[in-house]
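Got a structure for you, written out below as structure tokens; questions coming shortly.
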Amino acid sequence: MIPVLLIAIPLVTGLAAFFSRNEKLVRSWALFSSILTLAISILGLTIFSDAKYLEHHSAWMSTLGSSFSVKLDGMGQILCLLTAIAFPLIFISTWHSSYKKANNFFALMLLSQAGLMGVFLAMDALLFYFFWELALIPVYFLCSQWGGEKRIAVTFKFFIYTFVGSLLMLIGILYVYAHSQDHSFSIESFYKAGAALGHKEQTWLFWLFFVAFAIKMPIFPFHTWQPDTYEQSPTATTMVLSGVMVKMGLLGLIRWLLPVLPVAAYSWGNMASGMAVTGMIYASLIAIRQNDIKRLVAYSSIAHIGLMCIAVFSENKLALQGVMIQMFNHGINIIGLWIVIELIERQFGTRKLSELGGLAQKAPAMAILFVIIALANIALPLTNAFVGEFLMFSGIFGSNDITEYNILFTVLAGLCIILAAIYTLNMIRKIFYGDTVALTANVQDVKLSEKLALGIIVVLIFWMGVYPQAVLNITNDISDSILKLSDVHPMLKK
Amino acid sequence: MNVLILSAILGIVILFSGIYLKQKSNVRAIAIVGMAGLLLCNIWEMSSASFFHVNTEGMMRFDRFALLFISIILFSTLIYFVLSAKDMEKVGIHYAEYFALIFFILCGVVLVASFKSLLILFLGIEIISIPLYILTGSDKRNLKSNEASLKYFLMGAFSTGLMLMGITLIYGATGTFNVEQIQFTAEKPGVLPIAGMMLLLFSMAFKVSAAPFHFWTPDVYDGAPTVFTSFMATIVKAAVFIGFIRLFDETFGTFKEQWRLWIAIITVATLFIGNITAVFQQSVKRMLAYSSIAQAGFMLLAIFAMNSDAKEGILIYAAAYCLATIGIFAVLTKMSDYTFDGFNGLARQQPVVAALTTIFFLSLAGIPLTAGFLAKFYMLKAALSAGSNLWLVIFAVLMAAVSAYYYFRVIQAMYFKDGQATIQASPFFKGTLVILAAVIILLGMFPNLLLYWYYF
Amino acid sequence: MPINYYIFLSIALFCIGIVGVLTRRNAIIIFMCIELMLNAVNLLLVAFSKMHHLNAAVSGNVTAGTDGQLFVFFIMVVAAAEVSVGLAIIVMMYRNIHSVDVNFLNRLKH
Amino acid sequence: MNITQILFWLLSVMALFGALMVVVSKNPVYSVLWLIVTFFAISGHYILLNAQFLAIVNIIVYAGAIMVLFLFVIMLMNLNKETEPQKNRWLKIAGALAGGCLLLVLVAALRNSEMQGQSAEVNTGDIGLIKNLGKELFSTYVVPFEISSILFISAMVGAVLIGKKE
Amino acid sequence: MKNVLNIVYLIPLLPLIGFLINGLGRKHLSKGLIGIIGSGTVLASFLISVWVFMQVKGGNTYVADYFNFINVGALSIPFAFQIDQLSSIFLLIITGVGFLIHVYSTSYMHEEKTEHFGRYFAYLNLFVFSMLLLVMGANYVIMFIGWEGVGLCSYLLIGYWFKNTEYNKAANKAFIMNRIGDLAFLIAIFWIISKAGNVNYGDVFAFAQGNKFTATDITTITILLFIGATGKSAQIPLYTWLPDAMAGPTPVSALIHAATMVTAGIYMIARSNILYSLSPVTLNIIAIVGLATALLAATIAMKQNDIKKVLAYSTVSQLGYMFLALGTGSYVAAVFHVMTHAFFKALLFLGSGSVIHAMGGQQDIRKMGGLNKYMKITNATFLIGCLAIAGIPGLSGFFSKDEILAGAFSQKPFGIVLYIIGLGTALLTAFYMFRLYATTFRGNFRGTHDQEHHLHESPAAITIPLIVLAILSIIGGYVGVPEFILHGAHSLKDFLAPVFAGSYQVFEAQGISHEVDHSTEWILTGVSTALILIVVVFAWNKFSKKPDTEDAAGFGKVLANKWYVDELYEKIIVRPMNGLGTFLNNVFEKSVVDGIVNGVGRLVNYSSRQLRLLQSGQVGSYVLLMVVSMLLFFVFQFFLRK
């Protein structure tokens, strides 16, 4: 019941939103819808957390062996919660920025939310693919309708790029499907069928899937769409993209790659992690030299996602739990960063670090909130990201049998913590500290709405930072089952 | 059988109505109503109630596959009439004749869809082709139209020659034209049937405009009056495909291995040339011509796979492709400027039409929840389940991505570029488009709506 | 007569027809060459029909091979129809451009 | 070498020569005439094969009606050696080569086909007679026969539609 | 007994509350209130700490477990505090010195605008909170939380005057350098987790004592931890941030960059003493690094003219001393020196602060001189501080430093070398400290006239902490009177005995003893004292008569420029990194990674343009192409295909 609502509410409200001309109305309508969704997802966590409310199966395309089956497992809970929180935050924080054809804008936003929810909930490969694409289309329109001056080309590149990836994934899905005994797309039969495949088949299937997810996350060297897209899209969409959408790739890895192709994941995991870690250092180094705030954050995001990717492939309880919680934290933090960046851009019409400075004097609140979020983003203890990264790192480092890979990845990824500190602190310094420049002479501080949004984020940051156990408990079981499914040692025995 | 006879009669009726009815709208009305009637009769026949009982001496068989396919064709044609019958007036004065010819073509389609004897196949192909030569050239003053029809005619006749030689060689080997009796039991039959098969392959490839026999397509589709291009590119192409798949399934099914490779090569070539060449086109009409080649490439996957999935798939593909393309052409026909820039800013002037056109293009590009996705999905599924030929599937998929590139150029033009493009679309027109889009999406969500008829 | 002779003969005619199509620019001549191809086919069909008749005669099937000759008949029918249309098209074109040169037609390209 | 064989070779040579001349002769009118010669040769073959009906039809329909039609058109346009457009040499050579190779390939392929030793019966067998053909045509082949009427009417309509001057 | 545990959480909590109140209410509260809240909370936790101290005299350890911070699978990290002798001592130092400095700050920072004043105290409280977390944590993760927390606070406080870009850069430098160390610390933690499956001190040490760690493991872990320590405690190679950190307000330098935070490294190693005792290799490394740092910093300090810089380098040098102590296995000495150092170095910094205050922000000692006439208390206290740090007998510095040297001497086989270098460093210390004192307070004033006119003794809020600290730096040493002077008077050693019991066993097992027979010690002490006195007198006379006001030349220049270490780092690390970043951003990203992607697009476009030409529009060529392809098909089918 709950999952269906989570998809249906944004979908229906979104479609409805097309038919309103009144901007104020549609704005509040969207906010209302997103808050409703949030309420539902919280209900799913609390009152209706019983299994029978969290599942829904109904026949659909039965001749194809597919069915409309959605389920809220631990990971789904977290990611849906993230999505459900993200959208109200976005709507609140962009309350003052006005869009032409607002109805289309908000409708598309809600549709993308529906798509995302679907991706996180789908327990049927075909359904998963459907939502995977459907989440993309609205974002495509959002970016190329309301984006910056180079928006069309950039977004187009983004679209084609991800489209190629998803098509490759489609082949993989079809192949596994063709080899499943009961010719069904259901996740269970996928787990059975995939594990039964030979190593060679698994290998290239692995790459078919991985490329799709790698493009989405993105992982080096499939990342080049990302900085441009983040830079060009309207910030609200960038928030969706970077805060929630990249998690699609991670979810794909965890739910649709590890357990489906365990042997390949085991044998090629290091390769993938190698790409990820290269990307981390690469992105961090580039981020240091960025002058455009949006691009800087974009590259930093690549680094963070890379870490999560490595953690996933280390196939280890600590790491996996770390990823679970970090997916949520990263989403929250980066949205917070975008909110402030949006404020700055709206006020000064520039994102160039070199043109900013000294904001802290006139806008202390903005400065403090931004600093908190930025420091959370570089995983300072007692903030949310620390827990995630700590777990991921100790997972990557491995338990008992420390291979040279473990140490290598840990150290290299660890370097990125330092680099992250460098570019983040530089960003803070260049934006907020130093003396004011002509441009920033008369900045006004955050308005109530943004203060509200940022306040919520800060609260979450500290809550998750001090008492992460709440979340860890939610995802505990799913992590266990994933690991159990993707454990290759029994297979290697036979 | 119903359709064959009735549409022939309808053709005649329309011819005379052209003489006696001065009002063009009446002619149109007769055509549309007649088409609807045909559709009904055919559906009736599917529930095993044929009006006529003709002994064809086993030269034709109206099995479910054929009938269902014919209904798809009839439905598409109906939609086509409703959307663009009015635009035929622009072409020339022989308004009624155009309809008549189209009805005759439908007879040919029926033949091709239901043939059991190579003779019928031959006749069917000819009955389809000859009126098409005429329709292509129907805009007599327009040199492009002339050129197109002459090119089409010459090359078509040439391919007819090839086909006949093929049939002859097969006859020489087997002594019959009847598909039932042509039984190549041997895994590798003699040279004669192989040569014949190859020649037939070439001519069929020509008719479905598969590379390297596709050269006529862009020129002809570009030169022909847009209304008729729409008809040719969709309904006729799909029809010939059914002939193609039936021929190779029933006649040459026993020695797949001999022709698989060639089909594969042709598929790759078609996909490549169709998609790649479409990228750089400046005129949407010509782009659609190339895209039709590309789509043919995807349909060829069905022939390559030649299994139950392929059969279902080709049905869905035919429906999806025809409907979407007809819709696009219907809009295109009303445009003043066929270039991509001609679409700039259509979304501002005509939001509804733009949105629907977008849906059609999404369907062509194969975005989920549209029929186009399921069509491609079936094709890939069939090809994969046909055995180890992943390279082909991956190639097809990459080409599909390329196709998204040029389809989305139009969407970009309509939505994100500034311009004054507009069309005068009557509410009726819009309504029909809406229905069309609805059908496409419904089909995309519930393919069984269609396949139901195939199985039960 | 050994059937191979007929096969080779008609294939030769067929290919000559093709060569004609390839080497001439006059639409009418090209069309005529296509007719030549058709006739080659006809000849071969008849030969085959006679061959099958001969083979079948052993088993006493007297009507074997008729279908081949009937097919020829149908080919002629179609050819006639084609010719009428084809010549009409050529004439129409001639009216517009006063030439039957196919290379003259290259407005549509690329 | 009995008379039939002599005739066969004679007719074959005549047909081939005629066909070649169709292709090479500059003047369209000559081409038409040579084509008629070829058709006559082919009709001769029909007679050899004892397919009188087809032989007659071939003469009447092809050599008669169709070729005359061609001739009319050519006269009407008054095409002649001078107006005859010439392809550039290379294209001609390429075309000739391609056709020739095709011929070679097909012959080489069919040389030792399973047809080895099979033969077509000459100047016997009565399936070519009008009686049998007619019986077949109007019993078994009546449906295609009727269908071809559709072809004709559409061709008729087309010819009118296209050829009519407006 | 339990009751103290029940409220021990208040020790860090109170400063946190102070932080929240001051931080949120900084715009609305009055300066006085802010000061009271800021100092009061710290005072409160000081009192509790005293109480706690009383409770743990018995020599027992308490662990207060509050909630599960992280609990995943086998790994369970409780949010727990551990109270034992070691932590209680540090509690006293932190809260005690911290309180004094808070008081001092109320006056020192009085010119600031109210909200910045509030911000300052909020930061200070936050720092105390983190520092307390660091020392109270019952496992490495909690320690790490505090560890990074203090790093953050030092970052915030160094960059307190955020208008000044240089200061901000210094702050960044401090934070990043610390991060490098922190990374090593983290990896050490992961290593411990992966081996011991646990991070609680008790369990880990038990694990270690059971010799469950392999030799490589323990060596790596300890080295990594030590690297962490070098970052926080400003040792080679990560010490360069500390002198720059003087950008912060002087009380901050006193509290964070002298008394408490920088000693966190020592605390950490003392805390994990068992691990270190088990890996002699690491101990040697620590000893060498510590000594090297001590010497290097001392040499640099000789030529510095900024009063705070001198003190900063002396801090680095003293920290080096402490590491020497740790490296030679005399942990008590290290902790002892931490304590005494906290007193006199805080005193010196605060004194310098008072001077700077009086000089109106002037920090260059060449512009000072003869201040003893104007500011009596500051002069006196500063002198005491100098004497203490120089190690004049009777003052706190003497005892701790002497113990360290003795410990170094006891090392086999190279103890004598360590001792000599250590002694040399001590002499250098005495020299530059008195150079500093003499140049600042003796001779006659070299500043401008209005500065002189403006000179005055600082208010009570400043002088009282000075006096208290002065007293402490005198008597502070008597908790550790060495054996050879008075038997059983080393109460600190006895007090800390439980903490280091494990190590002592290990040492015995290894047959290492830190005992030097008393006669030798008498000699050593005598020699060192004599030498130091000579140096002091020499420096005093030299610089009170004629301070070196001209710029250093020759080798002195090298020292004045800190051995050009910063420049070196700039060259070999910062520049290449930025260069690489620029290269990747401008060249690699654009032309390779993105180039490939766009290249594919361009390729498609290009081939499209080319393929179009196939469509020549000529029927002839079309048919020709068709025939040729047919030809190919046939050839393949009939002749090439099997």
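Which chain is which? They are A, B, C, D and E, in the order written, and residues in each are numbered from 1.
Keep in mind that, in the parts below, a residue touches a chain if its C-beta (ideal position, glycine included) is under 8 Å from a C-beta of that chain, and two chains touch if they have at least 3 such contacts.
Quantities reported herein were computed from a predicted structural model and do not represent experimental measurements.
Of all chains in the assembly, those touching subunit B and also subunit D are C, E. Centroid analysis (C-alpha atoms only) places D farthest from subunit A. Nearest to the overall CA centre, using the mean of each chain's CA atoms, is chain A. Looking at A-B and A-E side by side, the one with more C-beta contacts is A-E. Chain geometry summary: the mean Cα position of subunit C and that of subunit E are 98 Å apart.
Chain centres here are Cα averages; for subunit B and subunit E they lie 78 Å apart.
A separation of 103 Å divides the Cα centre of subunit D from that of subunit E. Distance between chain centres (mean CA atoms), subunit A to subunit C: 66 Å. Shown for subunit D are the residues in touch with two or more other chains, namely 87, 91, 94-95, 98-99, 102, 106, 109-110, 113, 115, 140-141, 144, 148, 151, 154-155, 158, 162. Residue positions 612, 615, 617, 619-620, 623-624, 627, 630, 634, 638 of subunit E each touch two or more of the other chains.
Among the residues of subunit C, those touching two or more other chains are numbered 3, 7, 17-18, 21-22, 25, 30-31, 48-49, 51, 55, 64-65, 67, 74, 78, 81-82, 85, 89-90, 92, 102-103, 105-109. Here the chains touching each other pair up as A-B, A-E, B-C, B-D, B-E, C-D, C-E, D-E.
Considering their complex, residues 612-613, 615-620, 623-624, 627 of subunit E touch subunit C.
On the subunit E side of its complex with subunit D, the touching residues are 620-621, 624, 627-628, 630-631, 634-635, 638-639.
Per the touch definition, subunit A reaches subunit E in the complex via residues 157, 161, 220-221, 223-225, 282, 285-286, 288-290, 317-318, 321, 358, 360-361, 364, 375, 380-382, 386-387, 390-391, 393-394, 397-400, 402, 410-411, 414-415, 417-418, 421-422, 425-426, 429, 432-435, 466-469, 472, 476. Chain contact summary for the complex, subunit A toward subunit B: residues 60-64, 129-130, 133-134, 137, 141, 144-145, 151-152, 156, 159-160, 163-164, 167-168, 170-171, 174-175, 177-178, 204.
By the touch criterion stated above, subunit E contacts subunit A in their complex at residues 67-75, 115, 141, 144-145, 147-149, 152, 155, 159, 162-165, 168-169, 171-172, 175-176, 179-180, 182-183, 186-187, 189-191, 193-195, 197, 577-578, 580-582, 584-585, 589, 593-594, 596-597, 601.
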